[in-house]
Every structure is written in C-alpha cells, then in structure tokens.
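Structures incoming, each one as structure tokens.
Below are two complexes that have subunit A in common, paired first with subunit B and then with subunit C.
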Partner chain A sequence: MKAGRPAFDPVLLLAAPALAYMAVVFALPVLVLILRSFGTPTGPSITAYVSFLSDGFNWRVIGNTLRIAALTSLLCLALGYPTAVALARSKGAVQALLLVAIILPLSVGVIVKAFAWQIVLRRDGVVAAFMVMTGIWDQPQLLLFTESGLVIGAANVFLPFMILPIYSVLKLVDPNLQDAAATLGAPPLYRFFKLALPMAMPGIISGTAIVFSLAASMYVIPTLLIGDRFQTLATLTARAFLLMRNEQLGSTTATVLLVLAVSIVMLSSWAVKAKGDSR
Partner chain B sequence: MTLTERLGAFFVWIVAIAAAVFLLTPLVVTVLVSFGSSAVFTLPPPSLSMRWYQRLMTLRGLAPALVTSVQIAAFATLVSLVLGALAAIALARTRFPGRDGVVAFLTSPLMLPGLVLGIALLQGFRFIGLIDVWTSLLIAHVVITIPYAVRTLYSALGLFDFTLLDAARTLGCSPAEAIVKVLLPNLAPAFITSAIFAFLASMDNYAVSIFFTNAWTKTLPIQMLTFAEEQPDPTIAAVSSLLIALVLVLLIVLERAIGLRRITEV
Partner chain C sequence: MSADALLLDVRGASKAFGSTTVLAGVDLGVHRGEFVSLLGPSGCGKTTLLRIVAGLLGADGGTVRLDGADITGVPTHKRGVGVVFQSYALFPHLSVADNVAFGLRAQRRPADGIKATVARFLDLVHLGALADRPVRGLSGGQQQRVAVARALAVAPKLLLLDEPFSALDRKLRETMQIDLRHILREVGITTVLVTHDQEEALVMSDRIAVMSKGAIEQLDTPEGIYTRPRTPFALGFVGHSIRIAGKAGQTTDGVLTVDTALGPLRAKGSYLPGSPVLLAVRPERVVVGAPPPDVPSNAVTAALTDIVFQGSKVHLHFAAADVTLLVETNRIPPGLSPGATASLSWGLADTMLFPGETA
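Moving on to the complex of A and B:
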C-alpha cells in the first residue's frame, strides 16, 4: 500500500447501516422522483418543464414561493438576531425563561399554531385591536387571508430555527473581544459592523438558509392562513398529487422546489466557507 | 457604558421580549380557547368551562391517533438514535476526504421539503408493493428523525476525548465496560437532546405522513386536521393544551436534571 493513502479503518463500518438506510429509503426515491419528471410515454424529454415554465400562472406561483420565503426569513432575522444576542448575554433564570419561550413552542403542532393565528389575525382579533389602539390603523383590518398574515404566522413557526443557530455561534465568541476592541478605541457602531456582525455571520447564514427552505416548502400554514387562491410550489405539488392526481405535474413542481431549496442551501454553505476563508 | 451601547442593549432586550411574547402567543391563545365555554373560537372567552376537556373522552379517533403517533415517534426515535450513534462514532473517529459530505448527506432530509420526501417515498413503496400504513409510516419517519440524531451526536462526539476510553481500559475496564461507564454517561445529554427533537419532529409531522395514512390509521396531526375540518370546535385546543403542559413539565425536569443550556448545544 502506498504511503499517504490511509489504511481502511474498520470503525467506518459503523456508519454503514445509516448510510445504507439513507441511500435506499431517501436518496434513491428522491432520485427516481426527479427522473420521473423527465419521463414521457415516448422516452425522456423536458416537455413537462417547457410547458410548466411557459405558463404565466406557474411563474406567479414560483414568485409567490420565493417572495413569502424571503419575507419570512427577513422577519425571522430581524427578531431572531437580537433575541440570540440577548440569550447569549443573559444568565441563570432569565436565560432559562428565554429558552423555554423558544423551545416550548416546538411542542405545539403547526396545525394548532395556524388555528391560533386564525383567531389572532381576524378583524376582531388581538393584532387588529393593537394596531387601532396604537393609532397605526384607523379601523380594524383583516390580516387573515392576506400575505402579511401568512408571513406573520410562518415567521412565528420558524423563528426558533433562526434563533438557535445564531445563538450557538454567539456562545463561542469570546465576550472579552468586545472589551478589547473598546479599549483600543473602536466606537460602538464600528464594533458592531466590524466585529459582532461578522462573527455571528455563520449562524445568521445557516439560520436564514434553514428558515428559507422551511418557508419555501411549507404546506399546512398557507393552506390554513391564506387559502386556495394563493398557490406556492408546495401547495401546488400537494394539489397535483392529492387532488388532481396529476403525477407528472406533481413531480415537476416537486423537482423545481427541490432545486430551489438545494441551491439556497448550497449557496449559503458556500457563503459560510467564503466567509471563513477571508478571515 | 456609552449612550450608544445603552441604546443597543435596550433595543436588544425590547426585541427579545417582543420575540418571546410573539413565540408564546399561539400557545396562550390555544390554552385560553380550550378553557372557554364558547363553541366558536372567541377571545377573550365569555366564561370558563371544562367542557372541551370532557368532550376529549368521547371523541372517536383521538386515542388511536395518539397511540399511533406515539408508537411511530418512539420507534423512529429509537431506530434513528441507534443508526445515528453508530454513524456519528464512525465519522467522529476517522478522517477521510469527503467526511463533511457524508455528514451533509445524513442531515439533508432536514432541508428537503417534506412533501417532496413524502411523494418520493409513496412512489417507492408503491413500486415494492408496501401498503401497510404502520410500516410505511415508521420507515418514512426514520428518514425524518435520523438528521436530528446524527447532527447532535456528531457534534457532541467532536467534543469527546476518546483517550478517556483508553484510560478506562488501562484502569481495568473491558471494552464494553469502558463504553457503558465512560462514553454513554458523557453522551447522555446529547442523546436526550436528539431524542427530544427527533420525537417532536415525528409527532408533528404532517407533510410526509399525509401520503401514508388512510381512513383507518391516522397520526395525531392528521386526525386533528380532520377534526378541525369536520367540526371546528375548541376540542383540538384542549388536546394541544394537554401536550403543552406535558412538554412544559418535561422542560422543567430537564432544566433541573441537566440544564436547558446544554440542550441547545447542537
């Protein structure tokens, strides 16, 4: 055996059951699904994609999916980053309470959460009352069945998945760095943009990637909070398989959704790597 | 502290409190509605009552759905912890090019839209002729739960000092004893953490399960959505309130036992 080529370590065999399971039950079916969207009675072709992409309605569906996912990620980031900072700075009982507020909602199913938001977002709901009380709105408005309502509900469900990755990165940052920079004369805003934010960036990027792909593929939340007339790739995929029984269309939309989700995740992991190399 | 810093700290806490209130809103609403007397979802409830909790006892289909969900979640968590722990040990103990890729592959179902996975598996099961609901659900839910097991156990093993096992051997432990007495106690928090996340992910799964359930065998989320569609009344709020209470008790026990802070170390 040549030098530099390590001997096979038998410990690696321990990974075999998990890898075999995931190859057969996960990778293979997904691969077949992708291939099926190219399949026609006369052989492989891209007609399904050509007809899918030549329909203006489908472009609006793709636009809806991306817009809702982006807005949800933005709202989660705006709320999640400061919360992660507070979580990293706090100690003892305050930290435990914040953690309960973040973890406990994970125990409530997404269906029940969507129902609760249906109540809150109604014209006579809590949000409308608050907006009128603070004078932002002149009169109560219906948030349910609007895109804003959908984004609020989705951000509520996915917020923990933004906070936890950012927090796990912030926890590793040495708090003395801030003091050191301050001692050396760096002003607060400079410290934020040149020190705190770049350090948190891997967490921010991975949190955003998770929330984006969750929001792009959510199905229950739009069904309950906005209804049938607003279609995303995920709801269209579900309709194609569960209602229309159109497997070709379903495979096609599923593949488009998969490609979008995978490219977001790959872009973000590439961004984390680039970030790490530039340090 | 300068003024800017104070403003910054103030802003951070205001947003954190707002986020906590935002996160807990649906939970508070659910609990309030479950104790209300009104059959339509109104807030604040006109008067308090326990009628929805009493109705739980008579609701057909709820208990079997709960049993199915707990069974599937428990078995899926168990299988994925065993598979995930073995894989995590293998990956943490060896170095080879592409190791990150293998970890990414094992955790990738987290990133895959649940519907896509459900459809892919449905077609796969149909192809091999598998029609049993319970078996299909279990096989599918293992795919959903494995990422949680691998992710948490792999990062915990990265922090574990494997020379401790050699030290235990030197002190007279057999290999099995060394693993049981040294490795497992060290990994206990990671096992608990990944078990919680895996169990909850399986219990809450809708997008994958919808393809495998039928009129006779349903999981809890699917049964709840059926109830909600057939007769929307606060009974589902009562079910969820009980689940919230259960998880709250679990979190308090965990905080006492190992500290919630360690749970998030993933």
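Moving on to the complex of A and C:
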C-alpha cells in the first residue's frame, strides 16, 4: 500500500445498501446476542463462559464441531481442486455442462438430499457396497448416524462453494505458465508445488474459509444425518434456544462458535499468505 | 561432430486437429549458432511447429532431433529447449530475479551459483536495477527482457521465440529487435523465431523459413528469399513485387516469351506453350525510361497514377491494362506527374518466372 490517506472513492458507495442491510439484519442482532451472553441478573459477567468451559462435555462438543468442519473442508478440497482445474481447462459445451453439474445440486434442498443420502449411506447402500468391493471393509457397515456419513453428506452440500472460488481464480491464470515452467526444466511435481498451487492459493483460501464456516455452523445436516447423540456448537445452540429455553447458554455457545470459526479462518489464511510471501 | 552438423533437425513433422491438417510433413534443419525465422501468415502452423519442437505438443508423425539425439518422445522439461512465449508467461507471484532463478532452482543448481547466474543474465538484458521488483508492474519491453533472461539462464541448447515483439509498439519493437539480436549473438545460442512480420525476419535472421498452410515453402537467407523466391507465395510474402500473369509462348535459347495483357514479355525459363505463368519483378529493379540498348530487357508503357513519398525512397504507382506496377526510386523523376504515360523497363535477369494459376 502507498503511504498517506487514500482519497475516498465514491464507488465505495455502491456497497452502502448491502452494508446497511447487513448492519440491520446481521451485525445488530449478533451484537445483541453476544451482549446477552455476558448478561446476568447482577450485571455483566463472564460466569456463563466459565461454567460452559468447565464442563468436559462442552469441550467434546467444540472438538466435534472443529473436527467435522475440518474433515468436511478437507474432503471438499480433495474433490474440489481437481474439479476446478478440469473446469478451468475445459472449453465450450463441456465447460457449460460441468458448471451446470456443479451448480444444479445447489437448487435441490437439503431435506431432499438427506433422503437421498439415506439410500446411499445405508448398510446395503452404494457406499458400503463400494467399500466392500474394493476390500477396504470386510463387511457392509452403516454409515448413517456416523461421523463419516455426516462428513460425506456435508461435503456433498458444500462442494460447489469450494470449486467455484478456485475455478474463478484458475480461469484468470495464463495457461502458458505451466508450459513455461516445463521449458525451464521444472519437473511436474515441482511445477505443481511451486506454480500451480501458489497460483490457486487465493481460491483455495476463500473456498476453504467458506466451507469451513458453513460446516462449523451447519444445523440441518447433522440433525438429519446423525441425530441427537452427536452434538456440535450449532446443534447445542439450537437445543439451548428451542428445547431448553436457556437464552444465555444459547448465546454463549453461539458466541464461542462465532469466535472460533472467524479466528480459525483468519489465522489459517494469514499463515498461508505469510508462508507464500517468505519465498 | 562436424561444425556444420544440424543442431535442430525436424523431419516430416505432421499434426492435425480433428480433420484440419495444420502441419503436413514439415522438414526444418537449423545449424549450430544459427538464427532462423519461421515466417508466415496467421494460422499457417508456426506456433504448432514451435510447440512440437519444445515438446509442448505431440506430433502425429515425424521426428525431432536435437544435437544429434532423437528427442521426439522426451518430455519438455528434459529437452533443454527454451521458449519465450508470445504472452511472456512470467510467473506473476514472483519477483524479476525469482522469475529468472525459477529454472535454476527447479533443476537444483547450487544456491550460490544461482545468485551469480541470475545477476549475470539480468545485467545482460539491462534489468539489474529491477531485480527485486514484482513482474506485475513492468512495461511490455521489460517483461520481454525478463522472459529472455529467464529462458537463457538455464543455458538451453536451443531458444524458441514465439512472436516476442508483437505486444510492443513499433518504435520499441525496432530497438528491441536489434538489442535482442546482440544479446543472442553474445550468448551464441541457436535460435528459432516465429513471426508474421517480414521486416522482423529480414532484420534478425541468418535464414528464413517461409511457411504457408502447414508447409515450409522455402528456407534460405533473407537475400536469397528476396532475390530468388521459389514460389509465388514467398515472392508475395517478402517484399513488394510487380506481378503480371500471362500464357507461355515459344522458348528460344532458354528464354521464354510470355503473352501478357501488356504485350509480349520475356523471362529465362521454359514452359509448355499455352500453360499459364506468372512474371514478377521487384519494384527497385524497374527504371522509368527506355531500357539500355545493350542489356536484354523487358519494357512496357504505363500511366502514372500516384506518387508516394516515403522519405529515403519514392513509390511510383503505375497502371496498365488492369495491372498495377509499383516502381521504387530514390527521387521523384523530374517532369513526371500523375496521369502521364511513361515507359518502364527492367532487365531480363531481374524477371522472375513462376507457374501460373490454372484458370
């Protein structure tokens, strides 16, 4: 950045409606929620957090949340990155078809998908049959109501949010870069790690940030795929508000989730960028 | 190996995309240290041939030999063929110096050697002062020099340049052409340049390969191509020319008489009487006025339509019977103005003869 105060750019006013909208329907209520988590009949205090964090069960809930979000992001990245590369390299009708295939599932609601997954994740479902056929499993297992099943289902919903940001970055990259590296004597793996990956990194960061945040805060998917036995911060928040009518617990878990998700996303993208710059 | 051996020897390279044949069995031999240009119109297959030589594209048929070894199936990164791309293809996330160091690092050269090599090649292209700058903000000319330094730093056996000047404005292009020629001479690297700009090819090359529709029509020195074009295409693509179509008549003592719209003209050669032929002459070989009596010549009468002053030379446009005749002189002939009729003549030795198009 240049030194000195940049002059105000009137174009920024274009963001004003969205900012005002977000302030009213998002920032304000979230602020109220956060404040409520500190409220006690005797004035502001952090007792809610102290008691929340002193319960071992809640730590397991935090662990569940982060683990599921991380695994879902990883699965989406593993499936999404190659897809984004293929999408960026394809042309014309093939590309249009791929895009439709990626975006169309978004228009199918989660409830519909959940019933579809029940077919796939059953003991006699497609996934179990595949695992037995490839010899990874000795016998068919039930994937429904397991963490693996939850990750598979969540990744299915969030995959487009990984593919599209990576694709939008890759399509702007000069396709000659890989060729240029090859003519300089760089073998394929070197080209991947020193060129393809750094080029895709902005897309990978935003895709992962989106999927991680979505997966950390999802409520409907775990409710449908795994049920009450398995709690995350999001399902716990919902229980606190809807079932237990405990507003303070609800706002506490919601705030913990918010802080965790935001800080993990920001820290990891900062770490990746710092690593990129130190080369 | 003899000094005359071919460094690059392409034999019968062919390539089709779907049902369109882009290269139809191309042969190309380039000597060690030589600068050869592939000159041809857009879409004639120049880039395709270049990519095949670099291993970036698989040919359907033919072989590529480099320095005596068959490299037809060798992957690009093991070929030792450097390329400067039309878009320069600089790595946008790296600095100027890191771009130049990329290949050296990829080949795991010792670190202290890399630093010295990068500095040497940046100096060679006069970019030493910009070493730590990101490549994003560089001007077109600077980017091109980074691309050249980056390609040369890994010491390839052969350097390929794909229209490296097309992104530069005319003035800069001319200085960069001469600059680059000096740099490449200094390094002594064998180079193949792709261009559709005949002047660029004439200025830079030891030899020029004139390409048309996936085939090399002629591979010769710039002078050879200009004075002895082997095909009408080579004639038309390099330099200006006067072209007069006609029908072959009788051949006497190796001189053919051709019936043209401008009357009977003569050229050295022999064709079956009645077959269509094309006569041609370079504009600067034509003189305004009667031919000297002792030299066998052709002469026609034509009307002056236009005078175009071009600084060091003057273009006189004549017309006669639907044929345009361009004459190049170094000053405007006194007393000649548009509308006037004049006699034009040129030597028999300057008259080129090609097979004509069958109507």
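Rule of thumb we're sticking to: the second predicted complex is superposed on the first by the 245 of 279 C-alpha atoms of A that agree within 3 Å, B and C clash if a C-alpha of one lies under 4 Å from a C-alpha of the other, contacts with A are read in each partner's own complex, and residues count from 1 in each chain.
Following the convention adopted for this analysis, a contact is a pair of C-beta atoms (placed from the backbone, for glycine too) under 8 Å apart; a residue touches a chain by one contact, two chains touch by 3 or more.
Predicted, not measured: the structure shown is a model, and the values here were computed from it.
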| item | value |
| --- | --- |
| Contacts of A:M133 with subunit B and subunit C, given as first, second, both or neither | neither |
| Which superposed partner A:A274 touches (first subunit B, second subunit C, both, neither) | neither |
| Subunit B or subunit C, by number of subunit A residues touched | B |
| Which superposed partner A:L104 touches (first subunit B, second subunit C, both, neither) | first |
| Partner chain in contact with A:L19 - subunit B first, subunit C second, else both or neither | first |
| Which superposed partner A:V50 touches (first subunit B, second subunit C, both, neither) | neither |
| Subunit B versus subunit C as contact partner of A:L243, first or second or both or neither | neither |
| First (subunit B), second (subunit C), both or neither touched by A:S168 | first |
| Footprint overlap on subunit A, comparing subunit B with subunit C | 187-188 |
| Interface residues, subunit A side, partner subunit B - complex | 6, 9, 11-15, 17-19, 21-22, 25-30, 32-33, 36, 78-80, 82-83, 85-87, 89, 95-113, 115-120, 125-126, 156, 159-160, 163-164, 167-168, 187-189, 192, 209-210, 213, 216-217, 219-220, 234, 237-238, 241-242, 250-251, 254, 257-258, 261-262, 265, 269 |
| Subunit A residues touching subunit C - in the complex, by the definition given at the top | 174, 176-177, 179-188, 190-191, 194-195, 198-199, 276, 279 |
| Contacting residues of subunit C [partner subunit A, same complex] | 54-56, 75-83, 85, 87, 89, 91-94, 98, 102-103, 105-107, 150-151, 154, 156 |
| Of subunit B, residues touching subunit A in the complex | 2, 4-5, 8, 11-13, 15-16, 18-20, 22-27, 29-30, 33, 41-43, 83-84, 86-87, 89-91, 93-96, 102, 104-106, 108-117, 119-124, 139-140, 142-143, 146, 150, 197, 200, 203-204, 206-207, 210-211, 220-221, 224-225, 228, 236-237, 239-240, 243-244, 246-248, 251, 255, 260-261, 263-266 |
